[in-house]
Structure formats: C-alpha cells, structure tokens
Amino acid sequence: MTGISKLALLAAAVMIAQQAVAAEVHVLNWKGYGADEPWAVAAFEKATGNKVVNDFFNSEQEMLTKLRTNPGLYDVVMINAAFNDQATTEGLIQPIDVSGIANYKDLGPEKAQSPLLNHDGKIYGVPWVWGLTSIAVNDKAFDKTPTSIQVMWDEAHKGRVVLRDDALEAIQFGAIATGQDINDIKDMEVVKAKLASLMPQIRTFWGAENDWNQMVAANQIDVGTYWSGSAGRAKKNFKLPVTFVVPEEGAVGWLDAFSIPAGSKNVDGALAFIDYMIDPAFYVEWDNKVGAPVSANVKAVAELPADAFNRAVMGDPEVASRIRFQAPVSDADRERYLQIWQELKVNVQ
Amino acid sequence: MSPLTRLLEVVGRLFVGLLLAFLYLPIVIMGLMSFNASPFYMLPIEWSTTWYVQLAGNAQLVDASLYSLKIALATALIATTLGTAASLALFRYEFKGKKILQALLLPPIAIPWLITGTAMLVFFFGVGIGRGLHALILGHVALALPYVIIVNNARLKTFAPELEEAARSLGANQWQVTRRVTLPWIAPSVVAGALFAFAVSFDQFVVSYFLATPGQTTLPVEIYAAIRKGFTPEINAVSTIIIVLSMALMLFTARFYKFGGND
Amino acid sequence: MNGNSTLAAHRSQGMKAAQLLFPAYLWLVLAVFLPLSAMVFFSFVTEMPFTGKPWSMTVANYAAFFTTGIYAKLLLSSLRLAFEVTFWCVVLGFPAAYVLAKVLKGRSREAIFLLVILPFWSNGLVRVFSWAMVLRSGGILDTLLNAVLPFKVDIDLIYSYPAVIIGLVHSYVPYIVLTCYLSLQAIDDSVIEAARSLGASRFTVLRRLIIPLSLPGIVAGAVLVFVPVIGSFMEPRILGGRTGTFYGTVIEDQFVAVFNWPLGAALSFILLAVVLFILAAASPVMRRSA
C-alpha cells in the first residue's frame, strides 16, 4: 500500500468517527436522475426511516475519482454497466446480497445476469434502467421520419446536424454508421473517414440535454445523436417535435445499475434504497412525472400505459434485435478514441 | 472648458454607457428569461412568474445560494486581509526571492481550476483535511489570493515610498504609517481585490464540487451539476434575485462610501 | 554603505517582509502548491498510483506534447485567442477606465465603478448561456435589429470564433477596467494640466504621461485576462460550436472523458511554462515603464 492510500484510509477513519449518525444513505448519482427527485426521497425516507444524502458527479471519471478518494463515504452509487468491471477490479464496490432486495426477482434476467454486472459468481450491480444512444429528429424538418443513420450525412441537412461532444459516443456512432461492431471496431480508419465526412454537416457539438431541446425549440437543427430517455422526455413533457429513431443500422444500448461501494456503513439502508429504486411504483411515477429511461424491472415496464414510448417502442422485440449493448472499454481504447476525436475536431476548423 | 474637451467628454461618457450596455446585455436577458414561461428561452416571451414560484419551493437551491454567499464573504474577508499584508511586504521590502514569490502567484491563475481542484481533492484526502466548509474556504481563499495581491500591487506601484519615509521621520511607527498613509492610498485596490475575491469564490465550481460535504452544495455546483439534464430557468430566477440584491447593496454602499475619490 | 551592512539591511528587511508574507504564502503552499506538487509528480508517471495498477516514472506525457501535433497546434490557437481577447479587453477597458477616473466625478463615478464589477457576480455558465441566447439567429440580437432596421439582416454569430471572443471579452473586461482605473485614478490631475499648459498635445499627454503612468494597471489587468483565457474551455465549448476546441479542452478531456491525469497534468504544466516564459519575455518592457 502506498503512503497516499494509507493516509486516505486514515482520513476515512476520521470521517467515519465524525459521521456516526446512523441511518443515512449517501447516494452518488447524476443530478436530476431519479434518485434525487424530492417526492421519491420523501417517500423512501417515510417508508424506511433512512435519510437520503445525495451527491452528484458530472462524468463517469469523476464518479470513480469520488469513490477512490472518499472510501466509506457512499452507500449507493449509480454506475454505468460498462464501468462496473473497472470499479470492481479497483475494489471500489462490494458484492451485493440480493436477498435483501425484494424486487430483484422481477428484473429482466438478461439484464440481471449480464456479465457486465456479475464477476466470479458474485453480483456487483443491480440493473436499474437502460436506454439507447441513437439519433433523434426534428419533426418539422421531415415529412417522413427517416429510418437510416445516413440521414446525418444528407446534404439537405448541412449545418443542421448535431453530435454530442463525447469521444466514445462519436466513435461508436461511426462504427454503427460503417456497419461495424461497436464493441470490436476492426477498421478504425473507415470510422475516422466516415466521421471526418460528417464534420462539415455539424452545427455544434452538444453537451447537455437542454442544449438539444433549446436548439429544436428554436428550430435550429434537424437531426442529431440523442438519448432515448431524453427524447421521450422532450416529446412527452416538453411537447417538442422530437422523434427518436432506432435506425436499421442499429443503436447503442447502455445499462445503468446501482452498486454498493466498498466500506459502506449502511448496507441495509443501501439495499432498501436500491429496492425502492427498482420498485414499479417509483418507476411509473418517475416516468409519468419526469420522463425516465426504460426500467430493468419487467413488472415496472408492464405497468406503464400500453402506448408509452418505453413500453411500446423500447419493448418491441424487433427494435430490441437492433440494439447492441456497450461492453466495457479499456482505458487504452478510451484514450485512443479521445485522441481520434480531438484530431477530428481540430482539423474541422 | 474648450468645446473640444466637452465633446470628448460626451464621447467618453457615451463609450462608458455602451460598455455598460455590453456588460449588462446577457444579464438583462437572464432576467427576462426568468420571467419567460418557456424553459427553452422561446421568443416572444410568454410572461410568467412560475420560475420564481418554483424557486420558492426549491429549498435546496435557496440553501445552496445562501451557503455560497457565506463562503464568498468569508473568502473575500480572509483573502483580502492576507493578500493586502503580502502585497505591502512585496512593495515595501527588498529581499532575495521576491521575484519568485511574485511568479508563484501565477500558477493558481494559469492552471485551469479543474486541475487545481482535482489536485486539492487528492491532496486534502491524502493529508486528512477532508471535505467540508473548512476545506472549501481553504481552497477558495487560495484561488482568490493572487487576484488580491496582483490588484494591490498595481495600485502600490503608483505610491511614492517617500510618503512612508516622511511619516516615519515624523515619528510614526510602522503600524501608524500603514494605517494612516499606505492603506488610505490603496483603499480602492483593497476594495477591488475584495470584490474580485468574492467573485472568484462565488463562481467557483470545481473546488466546491470536490470539497463540499455531500448534501450541502453551493450555487455553482447546483448549476453545473444540472447541465447534463439542462437547468431550468429557476437558475435564471435565483441569479436575477442575486444580481438585483447586490446591485441595490452596491448602489447603497456607493452613496455612503467614497471610493478612492480625491476630488 | 559597505557590503556587510547592505546584507544586514537586506536580512532585516527580509525578516519584516516574512511576517507580512507568511500567512498568505503559507495558505498558498498548503492549498495550492502542495496539491500541485502532487500533480507535478503525477505528470511523470505512467498510471495513477492509487488505482492499484503497476506504475513507473516516465517523461512520455511531456513527450506526447511534441509527438502529437494537435497539442502544439491547439496551444497556438489558445495563445492567439488569449492575445485577441486581451487586446479587445484593453481597447474597451482602458478608455472606459480613463473616463471613470478622470471625467466622471462624485457619486456617479462610484456607482458606475461598482456597476462594472457587478456582472462578475453572476454565474459564468448562466452568462454564457445568455450569450448563446443573444447571438443565435432568431435570438435577441437578430430580433432586435430586425425590429429596428428597415432591411432584413440575419445575425447568426453563435457557434463561431467571434462568439467565443465576445463571450470571453465580456467575462474578463472588468479586470482591465478595474486595474486601469486604480492606476489612472492615482495620476494627479495637476500633472496632466501642467503638461497641457506647457503646450503638450492631448495625444502627447496620453502617450508620454498617461499611458506610462498607468502601465502597471494595464499590465496587471492584461495578466489577469491573458493567463486564464489560455486555459479556458467552458466559453469556447458552449459558444464556439465546431470551432470551440482549444488547449483547455484537451486538458479537461484528460480528466473528464478519460482517466489520464498524467497527460492532463503534463499538458497543464507545459501551459504554465509557456505562460511564465511569455511573461518573463515581456517583463523588461513592463519594468522599463513601471
């Protein structure tokens, strides 16, 4: 053990002594992502007597950094399944005893048993919600909703296309557009060339859901990469002319799961919180009030109205066949993707 | 006064007016949008106070704003005191390594706050300083100090050291010299430094983000953490309230405080 | 005075200075320099030590700056951006500071002085989003101009280099106004009047008297603008669109998009070295007039 980590542990011990308050559940998640909805927190606190303390991260890297530098502080952490393996390997999260989670049995088996969340026969993540990264269109710009990803390259939409400023998403998008496997990109040169030819089409690189919605509201863009949950929310809650497309070439699927950090001081509270998060009652209210991705709980999805996007479209087996779920990406690959992405962005100027 | 002088003065005032217009354009937009019912800033504006109503019910955002205010005030006070003392030393004395000390003010400004903040997070945990109010103030003051010192130094360069000498030769001790001669001269830059320090702290995101106790956030953290989802005009509403209140406070202060005027 | 007493004088001066300097620099050491030293160390490793992966010392992170063309290219465009922003800040800020210090009198001066600082107290991100609102086509500026002008104009500055300049100048110009004001206000009006009465033209007074005397303020302000702008990434990213990739962006990415603190730290220290080099090269010019 290095000096630094020894000191960090010592610091953690001091923190533990200071925070002897029982029955607090410290949750680390994106802001505005279900777990911090005031009504949900209130309902959970009333039902279990635990007090929820939310903390947030702005990127997956930052989430990992917060776990590394705050051992023992958090009880529940929301981790994208593609990062679960890394968190497990680094010893940041602990195996979960799912017998304490009543709703676990209702999770879709392919999600619950995903090799992304299970290592050495132990469960390191409880799948919560999943969704797609694909494209969405501004209905005002299309008479007929396009079905192919190639619409992003259509000259007719030049200067009205957006792409998220994210290296991994961009490269995987390029892989789909060139008919490659997102988890095993064989020909990176083709991906590079394809993305380079997309650059002149681009209006801007978006960063936040709000950017996207504003640009559509002001009718400044026609098409761009987007997340399924956000597109659903834009259409349903904000009444924006947005349609999410799962193109024939395929779409990237992601799975968000809850884990319990190593050193959690309130594992029981953590289990109760996770149980509440995958409960149908919470999910239906969340999707209804705010708009949510698709629950990993089969019963929860079944309780949505029959025409709900998350049930009708995302539950369609034909759509499901086009989804390719993200596998873990090694640090080396991430760095390589980032470099390619930076070069693409620099050379466009 | 010659007609040309008068003309130049009019042009000058006009120029300041235009600069103020430029400075306040986005602030006014922010205020207008806080009264726009559309969360996507759609035009024409559909007038509504809905965001203010929502803000009143958003205890977290209000708490965060008050917490930020508290930290910024503490930061301004500490950074101004320590920074002014340091700038006096840099002005008054010749000693080895002065150039290096001055150069050392640059890294906290030059290195993006993201990197400094990350470094603080790692270091504070390594040595057991941890998170919380103390860590926040530690970090904020450190980032604000260079601004205070640089601003004071700029003013002190216009100060004639003979004035201090003269006061000393008249029998004033060091503290009297400082209080009666030097400080009045640099009062404007001390105030300006304090205002900068306040602004640095009040807008500081990264350090607060890493070092605040979970559950107790600051306003910039609320704003930045919300951008993935897209923040609501509630944030415009709270920013508008803050600007209006500070404007009232400042104009009130300006009535009673003569700011470096020797006219 | 002989050498010994000079040395003694220096030493006692040093002691007195130390008392005043100690609190501020102790604070800086504890909260900035020690953490940054940790970062210096990280910039020389292959993997972050606390992840449990094997790591070793290396200079590869610094070498990457020279072997990967885009970093140097981006640093150059960031420098250009910082020069342009500083230039515009001085062009806008100095005359305003002069009017504040020498033309306006009494309470209106105090009020306007404070009004210049006030925008600083609003959140940077909120300001930038407001600019996006102003600059886009169909936005505020577009709508306003078309309401006033008899002919149709299409203002669509958003997602362009000028938008980045506008956003950054807006964020940083108060520094220049303030620091220039502080040194301009210190110039005695009677000196200017004396020069004028001796027949010096306005331009001569400006060039030979006012600018040299206020140079410390201009320099301090320029430093406070130039230095942070080189590493900025938020304003360029939001306002610049496709053209918004700068040196600060690639540093940020090493911390946010990937877990490559060693490279991010190395790029930051290269930035710091370049900043120090530029300021050192410029310092004879500054000292001559200060």
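Letters A, B and C name the chains as they come in the text, with residue numbers starting at 1 for each one.
In the analysis below, a residue touches a chain if its C-beta (ideal position, glycine included) is under 8 Å from a C-beta of that chain, and two chains touch if they have at least 3 such contacts.
The shown structure was predicted, so the numbers you read here are calculated from the model rather than taken from an experiment.
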item	value
Centroid comparison with chain B (C-alpha atoms), farthest chain	A
Contact-richer chain pair [B-C vs A-C]	B-C
Inter-chain centre distance, chain A versus chain C - centres from mean C-alpha coordinates, in Å	37
CA centroid of chain B to CA centroid of chain C, Å	15
Multi-chain contact sites of chain B, meaning residues that touch two or more partners	41, 118, 122, 126, 224, 227
Interface hub residues of chain C, defined as touching at least two other chains	138-139, 255-256
Where chain A touches two or more other chains, by residue	4, 8, 58, 65, 207, 218
List of chain B residues in touch with chain C within their complex	8-9, 12-13, 15-16, 19-20, 22-27, 29-30, 33, 41, 43, 82-83, 85-86, 88-90, 92-96, 101, 103-104, 106-112, 114-116, 118-120, 122-124, 126, 138-139, 141-143, 145-147, 149-151, 153-155, 157-159, 185, 188-189, 192, 195-196, 198-199, 202-203, 205, 219-220, 223-224, 227, 235-236, 239, 242-243, 246-247, 250-251, 253-255, 257-263
List of chain B residues in touch with chain A within their complex	38-42, 118, 121-122, 125-131, 209-210, 214-215, 221, 224-231
Complex interface listing, chain C residues touching chain B	10, 13-14, 16-21, 23-25, 27-28, 30-36, 38-39, 92-93, 95-96, 98-100, 103-107, 109-127, 130-131, 133-134, 138-140, 143, 170, 173-175, 177-179, 181-183, 185-187, 189, 202, 213, 216-217, 219-221, 223-224, 227-228, 230-233, 248, 251-252, 255-256, 261, 264-265, 268-269, 271-272, 275-276, 279, 290
Residues of chain A touching chain B in the complex	4, 7-8, 10-11, 14-15, 26, 28, 30-33, 53-56, 58, 65-66, 69-70, 73-74, 207-211, 213-214, 217-218, 238, 240
Residues of chain A that touch chain C when the two form their complex	2, 4-5, 8, 58-59, 61-62, 64-65, 68, 90-91, 165-168, 199, 202-205, 207, 218-220, 331, 334-335, 338-339, 342-343, 345-346, 348-349
